[in-house]
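This is the structure I have questions about; it appears just below.
Chain lettering (A, B, C, D, E and F) follows the sequence in which the chains are written, and residue indices restart at 1 in each chain.
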């Protein structure tokens, strides 16, 4: 059966800031600019997860998108939506919440669960604003 | 000269939470749901400001959009972008940061400055997510 | 308290066709064009519901958007999503499923329930495609 | 029958510049900024035309959207798409091509033809960029 | 000459349902959920076709986009727009209308005609809703 | 450290036309259609630049997006925004302003500067209209 890429979008709204706690406010501002505001800021993030696989001859599905959506909620969205990415999310502890790091961290959350529903995780894309986004393809 | 409505969009990213400080966490959660997360969450807000006025016979402008954009930055965007709406913004002190209250507060910031560049403020629209927005027409 | 307009977007995907059953296929095609295809076609509809009201001094809300969303699902979305608008929807029986008629029919479904949660229905907007939409303000 | 507002979007791509021919380049730059570039610039414009009217009991239409689209092409789009708004468009001769003036000029082009297909022109909206737009309601 | 990828978007609105005719309604619902509604539902689909090729030194084109658009209409859009994907489309007969299967079927329709206008089909992307899409790269 | 792809969007509005100066108007129209209008037309272009690289263990960045944005403005946007692509842009002299050629020309402008801020240019995407875009991956 043909191998296709299927993509599901989910959204979450979260607070965060950039900055290393051991650095001074000045050094953080010099490095991270307005993103280092001590009292946080936030975004409406968009998460695009692409799964690769052969379509089933029986269903015409690579994976059931309802199952994929539930999985994305369980392993990512429910843990980050309406949260502070730097304070409230166990799997992000000690990870600076740059969009780059979020994409990699979400990949780690998702790779194994997606393999269990029969797909192969191909890409995690995180969009922070309409102008900025990151894609991670693993590896 | 014909009277038209001209709209300028600006964007800002901010943290906030909903909840009355004198209420218990339980009551705040019952009232405001996940928006009451104690450690904040955040959004990419969009601000649409509509100015009404007669077009100038000389320029064909109601107001100079560059001047309007600078004004919106000075009186709103620069004060809320990459900030915590509940902690960092003097003109929002004591105002619960619902989208309704933001629209009204931004109107108060903008009405007088816009009149000074020759326009009449007609509508402030604040979009919190792709699904939720508020318009305020004054009065 | 200031009176504002708050808008909630919901989405649904449905099949429909245009045409009067008592007319010939030729007359239906002459009147409704490709929208009269006998075997149906369909759309991803967007529904924008605007509620007008004074903000609460206590909560800063006109209406609780979560409650509004549940209400929209109960009275409209759950009845039309992944349905055939001409065959499956009791409140649309005998109503040609033009976007104009949908907007009016959704208004009738929503006006009373919205008044019961403390708001006044101001506008129902139905978007059929990225190029076509209808607004109904009652009356 | 209920009165509704129906909106059709069309698009066109055009060159233009702002500036009064009798003014110096310096004065035009001081007034119109980068929009006065002598060698033109351009935009993907979006035109949203809203027609108000009672729905037909027979068809459920205010106006046939296919007829409306053809009318918009004949009276506006075909004359401005892939054109220079300041050089190629008879009905814009002597009209500075600000978005404000375009909205008014398009209204004049459309009001009478729309009345002939049974609708009342309610609003012409012209969007110049994702951040700038103008609405004209006549009068 | 440099090799680039050029993408053209087209849109179509269609009805469909998911489900194997030889299965019971219960099994179809268990497998395909609300997408198995017997009376159909529908979508505004978006089709993105990417063609790869060297740019012509003479024209700066990989392929003439007008020719590509006509080709997409002839081989796909005109056959699926305002149709029932499961009843009205010869090249989809016996193919369950999942987005995965649509992407593969459209590829088969397009690969040869695109090669005849001098391009190489690189990707067919079908977007079913704002949250769901499929890409097929052949093979 | 993981290798990710980071994308920044910028926008510019410009005039252009297609056509070879040594060809007749008839031949240009036969080849380039309405894009050959002698008095120009224009677009709101979107530029998406994707940079590939390992995330920094110290900052969590591949490249500082603020630095990337400044670089894009210096080497591309400031030279093309509110300009005539065929008359005003030194690095496009003698290059027909098809979207294909723009993507390649922007790549040449950006490859070296991006390497100097520590990233590797991966893709330049230029979107001319909501329906047409080109991606160039170098080589």
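The rule is simple: a contact is a pair of C-beta atoms (placed from the backbone, for glycine too) under 8 Å apart; a residue touches a chain by one contact, two chains touch by 3 or more.
The structure displayed is predicted, hence computed values, not measured ones.
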Smallest number of touch links from chain D to reach chain E?
-> 2
Out of curiosity, which chains are bumping into both chain C and chain E?
-> none
Via touching chains, chain B connects to chain D in a minimum step count of 1
Pair of chains joined by more contacts [C-beta pairs], B-C or D-F | D-F
Averaging C-alpha coordinates per chain, one finds the centres of chain C and chain F separated by a number of Å equal to 41
Centroid spacing, where centroids are CA-atom means, of chain C and chain D in whole angstrom = 28
From the C-alpha centre of chain A to that of chain C, how far is it in Å?
-> 33
Tell me, which residues of chain C touch at least two other chains?
-> 130
Between which chains does touch occur?
-> A-B, A-E, A-F, B-C, B-D, C-D, C-E, D-F, E-F
Which residues of chain F touch chain D in their complex?
-> 11, 13-16, 34-35, 37, 39-44, 81-84, 87-88, 129-130
Show which residues of chain C lie in contact with chain B when the two form their complex.
-> 2-10, 50, 55, 58-62, 65-66
Can you list the chain E residues touching chain A in their complex?
-> 18, 20, 31-33, 95-101, 103-104, 130-137, 139
